[in-house]
């Protein structure tokens, strides 16, 4: 039974993701993203599950920066998990009695409309995690009346679900990834994603355009780009890219090699099956067969055969 | 004396930025970025000062999303402010006695190394803002021993500066912007920045490359790109762009018009002097004179004159 | 009745083109392309008709260079004329008796297969024009047995058509243009062509790519590109371009202005109805309405209106 | 001693080129470009020397089309030969007595200014070659008074050089190529040229831009582009390209393979030393070492090593 570290405490959305990605794994809750990844790096766990981005909040900076700067890990799977928030209290009570709410800052943002509409007088206080908020609220001595968290947190800590679906959008989705120490890549499935981090050699105008051209000229589509500061002052960025396809495919391999040649550094984060199962449209001339035919032709003309 | 809303409470880094950007302004502290901008929108303030990005943490999501989705405001100035964190306590004490630290999550990240090295046993708890942390710690009944915040917060709340420069990097910079209700733009200075938000018509492969080409073909350099989720599910993004130059310049005007034609929507966020005073390199054929000459020529050939 | 100079002598394919392009015009045969164009320039004729390119032989260098370097003229119409060659003799005779054939070098190339197959022993001698060849052969003292020329040349000079359709391809087409002194352009028809000549500022790598990008970024399709030497040594070229659309259209106007800004010189050769009547596909965001909307928007944002 | 076919007759500029390119070769004069190349193809000669382009007249269509459509041959060397025209007569005579001049059509164009200025009343008649013109004029029964040809033609046929340097430009240069049957390529020298012919899959808008991008993205500079009609009607072209570098170099190999993948057909015409000895500027990231490093990296990441 594999052991997987995850962004804890227990009863967070990340644990839910872990249960779906690896139903038979033993979960190792970690205090934060860095701790979860470190557990995987040091071998205390066989891997880790952490959030990568949220359809409302965007990229999770701590995950993005850990993947870019920390000891290398490989993404081996992804999951798109709809996120449903519940309002949880120790006892049944009218909404109007809820005066102090405790929850994670991301949930504060995502439930702002509900709070403004249904509990305009409530004060919402940021918590380290939604599960920590639930645990705190379960304590009879807590100064908070309610937590906003996942339903499973309520079940775990014996709370009442005063309201469910309190997020402003019913369709918020969080993308989770499973990480392993470097090793054999998942096999190509025909519907894969490749994740990369690219650092510019120098921040010249047009550098981003050049990087994108390395992809487009080989017919490789970009599905995500995220700029992050390098830490060396305003105006210096590096980039996270998600590409359609698996690095074992010729067009992806040539594109990332091209990126490598023009960048100061490129870190490969993994090729893994897409959660949505969508197969990329392969542009004319960019299938593996086309690359193989052209390679054979190049070999012939280099030896002077027509 | 203009009144400017800012991301409060008092004694935050944003108040410091406000004092530099508008020394004679009256400050109106606001609970969060949205509240500060709303005060400017509703006329309770003449404008607002908020952070836009940090050289370590990246873009401030709440500011980016407010600028994109909220009632339109114009950026009229920017400031790059070095950020210095201090460890503040109610009374002088040895570092080893500090067990519980309170500060904003961004500061937790930026001071992680100091805490791990100097106070390995301390627990760090997230606060709504660094100034709120300082205020809380000033309360003799506070469960926290120390706050990490700006020095001016310590002065305001009568705290002892146990250590200064506790950030992991000495050169962290935050970029602040001043916003006003729509109106006359700042005059071009020869060293300006133009900020935009662009929404794709449909999220086709190559859309980003097309957008960047609209800039590059007119010799307009991109200094920042930030993708943000549209909220419509993973894989749907819109983009914040910062460009070199003022929209009153011909090359910038034509480029943003080109962007407008290929996008579902483009929101202009302002043209304003660059804080660093750097003048862009004007590529051959893209100065205002070149555009004027070409426009005259086009007018002649359209009427059949050689 | 307009008077039009054309590449003579009488009975050439160009006269045929003239009769179709301007049925009621008086034709003024000229010794060569330069002479025809000079007649138009000096006012001896109201215009000129000359060949521009042939589907088998390519561009007519003398026309291309005259348009680029000579006193400016405007193309006002084009015609695609199928070219049919006949073998013409003074008297009826067996093919095997034809020993010396006289014709224009272009016809030598285009009838090579027929000659090799049907008259393998015949010598083919280059003539200044196909009509001149017919005229010469009509002379009983001529050293030539046959001419290859247009059927109308045979009719004009009383020759026998020994064989028709002797070109190697039945579908050879020549493109003729009608030229006028600079003046009012033909009105846009929705199916137009714009012709240009562009001279590079300096022959830097990537200059051609930059020129093509000026077109593509405005959705303007290129239908012909022809490089010609500048005369300043091997490796120095200028370019003839044919574009879809009329210079009065916004996307064409902006594209050619962009070309003008990055080139040492651009000479506009005219916008005129396409002979094939094909309407261009207008890419999203590049119709005149799109340009007008974007111009209005630019004007609003420049004055600070949202 | 190798035997090389060339565009004859003897005493043409091509023979001069042959003498320089292969001083010890036996020359085999041929009636035209096709005949010279056929001699090489059939083994009657070991190779051929023909003109490829002229700095005043442009590409030699017959050579371009033979290389594209005929049985494949490889270019193994090139030569840039200054072309000097002389006015040659049987006997010494005043210029004003020269009434009928015989020469090749290219020379007619190149000497137009001299003729107009010095012999305004002379009639100039096209000849199959400049050497044929000289040979004809050497015949006492010739109807022509003078030939315009290379000085060596005058020497060969015993003519008087009435005037030298009668070309309108003193710096006209013709580029000659030496061709061989397919076989081992010349070794890379660091200053090489690669010649190609590319046929489009379908003539979609933007096809040319895509082809040029295959070159530019690998830092391969284009030194010549020549469009030629495919013969399938006006508006259908194929392209001759000359590139900087040798196909044995990684960046050229990958670029031509990319071209191959997106084109209906690519014909490789050879990689050979540049006559001007100019070494290309290698763009950052496109040297052979850069490709080798990136290939090693790709291999590592594909097997999951960081």
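Chains: A, B, C and D, in written order; residue numbering restarts at 1 for each.
Here, contacts are C-beta pairs under 8 Å (C-beta built on N, C-alpha and C of every residue); 3 or more make two chains touch, one makes a residue touch a chain.
Computed from a predicted structure; not experimentally measured.
Peer 1: Based on which chains touch which, give the shortest step count from subunit A to subunit C.
Peer 2: When the steps are counted carefully, the minimum from subunit A to subunit C is 2.
Peer 1: As a quick test, compute the distance in whole Å between the mean CA positions of subunit C and subunit D.
Peer 2: Computed value for the inter-centroid distance: 24 Å.
Peer 1: What whole-Å value do you get for the distance between subunit B and subunit D if each is reduced to the mean of its CA atoms?
Peer 2: 59
Peer 1: Can you work out the whole-Å distance between the CA centroids of subunit A and subunit D?
Peer 2: 58
Peer 1: Subunit B: which residues touch two or more other chains?
Peer 2: Only 213 qualify.
Peer 1: For this structure, give each pair of chains that are touching.
Peer 2: Touch list across chains, by label: A-B, A-D, B-C, C-D.
Peer 1: What does subunit A use to touch subunit B in their complex?
Peer 2: Residues of subunit A touching subunit B: 53-58, 61-62, 80, 105, 109, 125-128, 169, 171-173, 175, 205-206, 208-209, 212-213, 216, 221-229, 231-237, 244, 281.
Peer 1: Under the touch definition given earlier, write down the residues of subunit B that touch subunit C in their complex.
Peer 2: Where subunit B meets subunit C, its residues are 72, 74, 182-185, 201, 213-214, 217-218, 247-248, 253-254, 256-258, 260-262, 266, 268, 284-286, 290-291, 293-295, 297-298, 301-306.
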